[in-house]
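What follows is a set of structures for review.
In the two complexes that follow, chain A is the common piece, with chain B as its partner first and chain C second.
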Partner chain A sequence: MAEDLDVLDKTRIAPVDSLRRADEDLRLPVVARPSTLPLEPPLVPQVGEQTHAVGLRAQRPDSRDHGLGLTRYIDDIALPGMLYARIKRAGVASARIKSIDISAAEAMPGVMAVLLGREIPTNLFGTSIVDQPLLADPIVRQAGDGVAAVAAVTEQIAQAACDAIKVEYEPLPGVYDAIEALKPESHKVHGGDTNVYAKKVIRQGDVERGFAESYRIYEDEYYTPGIEHAPMEPFTSIADWDSNGRLTVYASIGRITLARVDLSKTLHVPISRIRVIGTIVGGNFGGKNEIRHEPVLALLAKKAGRPVKGRFTRVEEFVASTIRHAFFMKYKTGVSKDGKILARQIRMILDGGAYCSFSETTLGKACILSTGPYHVPNSFIEGYVVYTNKTTAGSMRGFGAPQVCFAYESQMDDIARDLKIDPLELRMKNFFRDGSMTATGQVLHSVKVIESMQNAVKKFGWETQS
Partner chain B sequence: MKHRGRGLASMWYPVGFTGYANPSGAVVKVNEDGTAVVLTGTVETGQGSLGVLGQIAAEALGLAPNDIHIISGDTDTCPMDTGAIASRTTYITGNAVRIAAEKARDILFEVAAEMLGVKPNMLEAKDHKIQVQSFPSRNVAIADVSSRAHNGIGTPPIGSATWNPPMVPMDPETGQGKPFGTYVYATQIAEVDVDDETGEVEVLRVTASHDCGTAINPMLVEGQIDGGVYMGLGFALYEEILFDKAGKQINCNLTNYIMPTTLDMPAIDEDIVENYDHTGPFGAKAVGEPSLVPTAPAITNAIYDAVGVRITALPATAERVLAAIKAKRAREQKQIPA
Partner chain C sequence: MNVTLTVNGEIRSASVPPETTLLVFLREHLLLTGAKTGCDIGDCGACTVIVDGKAVNACLMLAAQADGRAVTTIEGLATREGLHPLQKVFEETGALQCGFCGPGVILTSKALLDENPDPTTEEIRTALAGNLCRCTGYVKMIDGIHEAAKMMQSATPALPAPEQR
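Presenting the complex of A and B:
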């Protein structure tokens, strides 16, 4: 007991850095599976017997492995002779690389390969606009940009080698605010004459006439911030070449076919010579929908002649992957005296960060959905995504929908309160029904928004309260 | 003092990509013993999609979920798939699996028709048997049919299919078009306690009613709703990446990027709206992303109901809520004539 307390006290006073180091030193490879497996038929009996499969509360095929802790995530996979990669991050948000000195890193015992951006055959990727380098060369556009990569026999040596790489930067002006980025005099993250890289316009009916006919007009502004996916498992991949020059990439990624195409384009290797194995993903939420470091690992593996695993630290997961777009939204809504929405004009600015990633489709979904699940006869929606020297915004669960829903549902409550109409009744008056037309002119089927509200109200007990 | 409030928010959400092709392929092979293998290029990301795809294949083949083995996530063995993104797996990959399974089943019907002496279009697959519609006593086990297909006739039951949602790209000038195959709908209601001295918000319970078409596996739908409410709670009250003036993240670790914990979770009452979408596999649509969409406005509307302040910038941290309460008090005091 006394010893226990002693240990506790020591850890309490230990500096954070030494604690972290101790943790890294102690981190061992995965060992010791349970000795016996209960292999008797485990599944819920009905899963094996009943053949009305749809609608069944069937046990998942992977639930036993998860429950027993036997699921093999990518970090449980180790290939013979495998090296570990680390990527050196810029740490400055806008700069030009003047020089990189890798001599000290290359000389370190245990370092097997060092890679720079200029060695990558096509050092660019992207799902719509192809604008993101795998390793910045020579312009750094966000603090999380990689500038060099190292493969070594341990992760610790790879990190030490990254620390030993000397990079000289020439600072460049930067832009760190989406509204600022719209101004003509702002720094242009990718050159050219504007930071706006995607635009969406949707027009339906005559919005001016709609406002002219309105009894009241409400104008409000809303903001939602950038947030992180924070999956339990950070981005991790392994690259391995065979003697015929065929590449196998194990990756914790949700889109293996796209990953294979992007590997082919960046490495100039035919698709038939690439195999991507998608391992069980330990949390995605949209953050693992495109390649991040796989071509870098492949080139390190080629240089070193050994398989290479790269895994992001938690900090890299924040600064070097993507985040949710921050939204600036202006809502102008005209309603009739009895609470019918007659017109809605919406303008939104999305902070896209340093590179495009999934910004175009996020903007598209946000604009289409921005009128809410309501029949709006006249609408005018315009949205813009701008480059800033901040962390790249990409796909995240909801693709712009949570942001616009926050705006339209906040305003619906305010309108109801101002018109002294019950907020449920106001929504009921305006909800889509089967056959309603959206802002893009699509006629809807299978609309159940009214039923969802009725069910929720009943289950919550809304009517029975005051 | 703590004030209780309740707020409601509804939403709609599309399934699949915005006006772009996003197909999925699938291969279904029925084995000699009447079990089956499904090949899909999607990846299990924790949501249970492989279980759902297995249930879809089982339903189409007249088998049980336990009879299906799924191979996924390997570009060497699996057909093309746009991936686990845009809430599209059940709807789009599910349709591909359903059609592929039906093609394999049709090969079994050809073989069984001869064995039962009827036309193939009079048959149905159910309870591990192929039987004559309306005459279930005239049947033959799928295992026997498949064995005969493999070893007797020489037509192994293998089906492959691809599916892409029907859509019309949007006009760049007016935005007019049919960008998605279908949409889902939901309403969530939140009940909160707001402390007007600290600004702290506690979410007590959330009722979440979601339309996802047919729920292929209601347990997994409820799981998705629970996870969505968790993410929505973080979006509403806690999470925000902060940048310094030079564009570097300040709170880029879990020590200072605050996310909800299990102790912050409200009680969640899930509800699945009954629906059948004729474009989905066995009427199914989606639930993955939509489950988080209405949570934040339901919570901020509940904050308004409790203390009368409108939060227009997320997250509604205690500091922001308290500042809004103080501003409201200051406004009200000014209105009292001297």
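Presenting the complex of A and C:
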């Protein structure tokens, strides 16, 4: 028995020792494991109870890799034989393409494939209204529209080939202001007889009666500009086909199934043959929710027979991605003498840019939230999104909520100043309470806005400041 | 052309086209992908590395300009004994969210702390002026750098001993 044990010990020692050596050969630092949340008491709160996770310190499980520079973002991935793609941007906001000459680009050594819009099976995509071409053909509606794409062995050659592509444009009139775009004589970005492509109206109670009963009526206009998400990591994707006609796309994208649907529709490839691998995202903020250039890369990869990587330049990030909608908002609010909101009428125009993208979602959310966290018995909200020849507006953190918040909170301050009521008190008077009804008729429960505000006031020292 | 430089204490050499930037040299020729391509025009600081003790934008420096010099990248910061105090503090304070700016910010901070072991908040802000972050903001980073400075100054060993098994 004892002899057996001796033998077993020996065989066990050897591998442990070699493992330890192997560990030392690795350059990974030996560090304490990241702290974890305690499981007692359970973190899932009971009804009406605050979760125990509040106030505890938690560590991101991925931050060790981030700090060590080991996180593999999409641009850190390279496939064997990979080519680099560049998209030639129109540079003009409204035009018709008369001709494209790609012969010089195709003749360049190192250029493996050139793609035009007319070669794409379905050259249109979109999340609600399908109106955006992958490569403009033949109408250019924003300066960031792609007109041709090149895949080459290096990024420099791809760029040089793009520069060698000659495009002849016939200039078209354009419209560059959302209010201007509403006028009947304005240029129609997508033809038809109006630039308005989505509308939402929410009505509750009777605003006219509310205004008639009001002690004061405030009418103000607010504007918020478009904003680029500017994530640190530019849009980057890699497209790779296998010999069975299956497509794999590596992309830093937030909505993988939506990307597969759009790839399937544009490429006419069954969705079961498309795999999208979402890599670690270097900043999204809503801008990486839909496809950008992935079908173009896929077609370039198919033409060239090699994997293709495409990375937006910082300029393309600004002109060829989506931005936050610019909002023009008109707020008319009637209040009683003691500061209670009686009626609110809101009209907002959203600058949608050249294509729809997530405009309908943004418009909907902005309208629903436009009366603020306040009980407004009578409201009338109307919102419109219009096409302009500017960078497409899409989803960005809050989907329209921050824009309307700027408007209603600015007006609350103005009302408080005019009625000589403390701005905090005015808000407290009007806040939602348990059982309050929102503009859309939703009855609210577990409303904690008053307590939250009281806590916040204590924390940032409102009383001492005012 | 042939470029030879010391990267993280090791002599590395590669033959590259003359227009190769230090960033492309590190990422594509040495496969050190910790330095990131954010803008490629010197605005965002995601590509920051330390060359001869100074934090530089690797996208604005040619590989040939770094010939014969000593380069530290994020991969060279941690040792097998443990993380660099900055890495440890950034992890603990949640100063990194998407993490894309992280390597650049950490290296800029290291260059600052090497030169000035006890910087004021104002000095930290000035040093970080060339590093953009879009997720976290800068407050946690600045707090973290103060904390790391304290850790690095204290005589007691700041890092926990490796776990014994």
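Following the convention adopted for this analysis, the second predicted complex is superposed on the first by the 408 of 466 C-alpha atoms of A that agree within 3 Å, B and C clash if a C-alpha of one lies under 4 Å from a C-alpha of the other, contacts with A are read in each partner's own complex, and residues count from 1 in each chain.
In the analysis below, a residue touches a chain if its C-beta (ideal position, glycine included) is under 8 Å from a C-beta of that chain, and two chains touch if they have at least 3 such contacts.
This one's a predicted model, so the numbers in the text were calculated from it and none came from an experiment.
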Inset, instruction - Kindly classify A:Ala230 by the partners it touches after superposition: chain B alone (first), chain C alone (second), both, or neither? - result: both
Inset, instruction - Would you check which partner chain A:Arg64 touches, where first means chain B only, second means chain C only, and both and neither mean what they say? - result: second
Inset, instruction - Considering only the touch criterion stated at the top, classify A:Gly210 as touching first (chain B), second (chain C), both, or neither. - result: neither
Inset, instruction - Considering only the touch criterion stated at the top, classify A:Arg72 as touching first (chain B), second (chain C), both, or neither. - result: second
Inset, instruction - Could you tell me if A:Arg311 is touching chain B, chain C, both of them or neither one (first, second, both, neither)? - result: second
Inset, instruction - Quick one: classify A:Pro402 as touching chain B (first), chain C (second), both or neither. - result: first
Inset, instruction - Give one of first, second, both or neither to describe whether A:Gln156 is in contact with chain B, with chain C, with both, or with none. - result: second
Inset, instruction - Could you tell me which stretches of chain A are touched by chain B in one complex and by chain C in the other? - result: 57, 59-60, 62, 230, 280-285, 314
Legend entry - Touching residues on chain A, where the partner in the complex is chain B: 43, 47-62, 91-94, 142-143, 174, 176, 200-204, 220-228, 230, 253-258, 260, 274-286, 288-289, 314-315, 318-319, 323, 361, 364-365, 367-369, 372-373, 381, 388-391, 395, 397-399, 401-402, 405-406, 408-410, 413-414, 423-424, 427, 431-432, 439-442, 444-449, 451-453, 455-457, 459-460, 462, 465
Legend entry - Of chain B, residues touching chain A in the complex: 6-14, 17-20, 41, 43-46, 48, 50-51, 54-56, 58-59, 62-66, 70, 72-76, 78, 80-86, 126-128, 170, 172-180, 182-183, 185-189, 191, 205, 207-211, 213-220, 228, 231-232, 234-235, 239-241, 243, 245-249, 252-254, 257, 259, 269, 271, 273-279, 282, 284-285, 288-290, 292-298, 300-301, 304, 310-315
Inset, instruction - Note which residues of chain C are touching chain A in the complex, please. - result: 19, 27-28, 32-41, 43-44, 46, 73-75, 77-83, 86-88, 90-92, 94, 96-103, 106, 132-135, 159-160, 162-163
Inset, instruction - Would you pull the chain A residues touching chain C in the complex into a rising list? - result: 24, 26-34, 57, 59-60, 62-73, 75-76, 78, 156, 229-234, 280-285, 311, 313-314
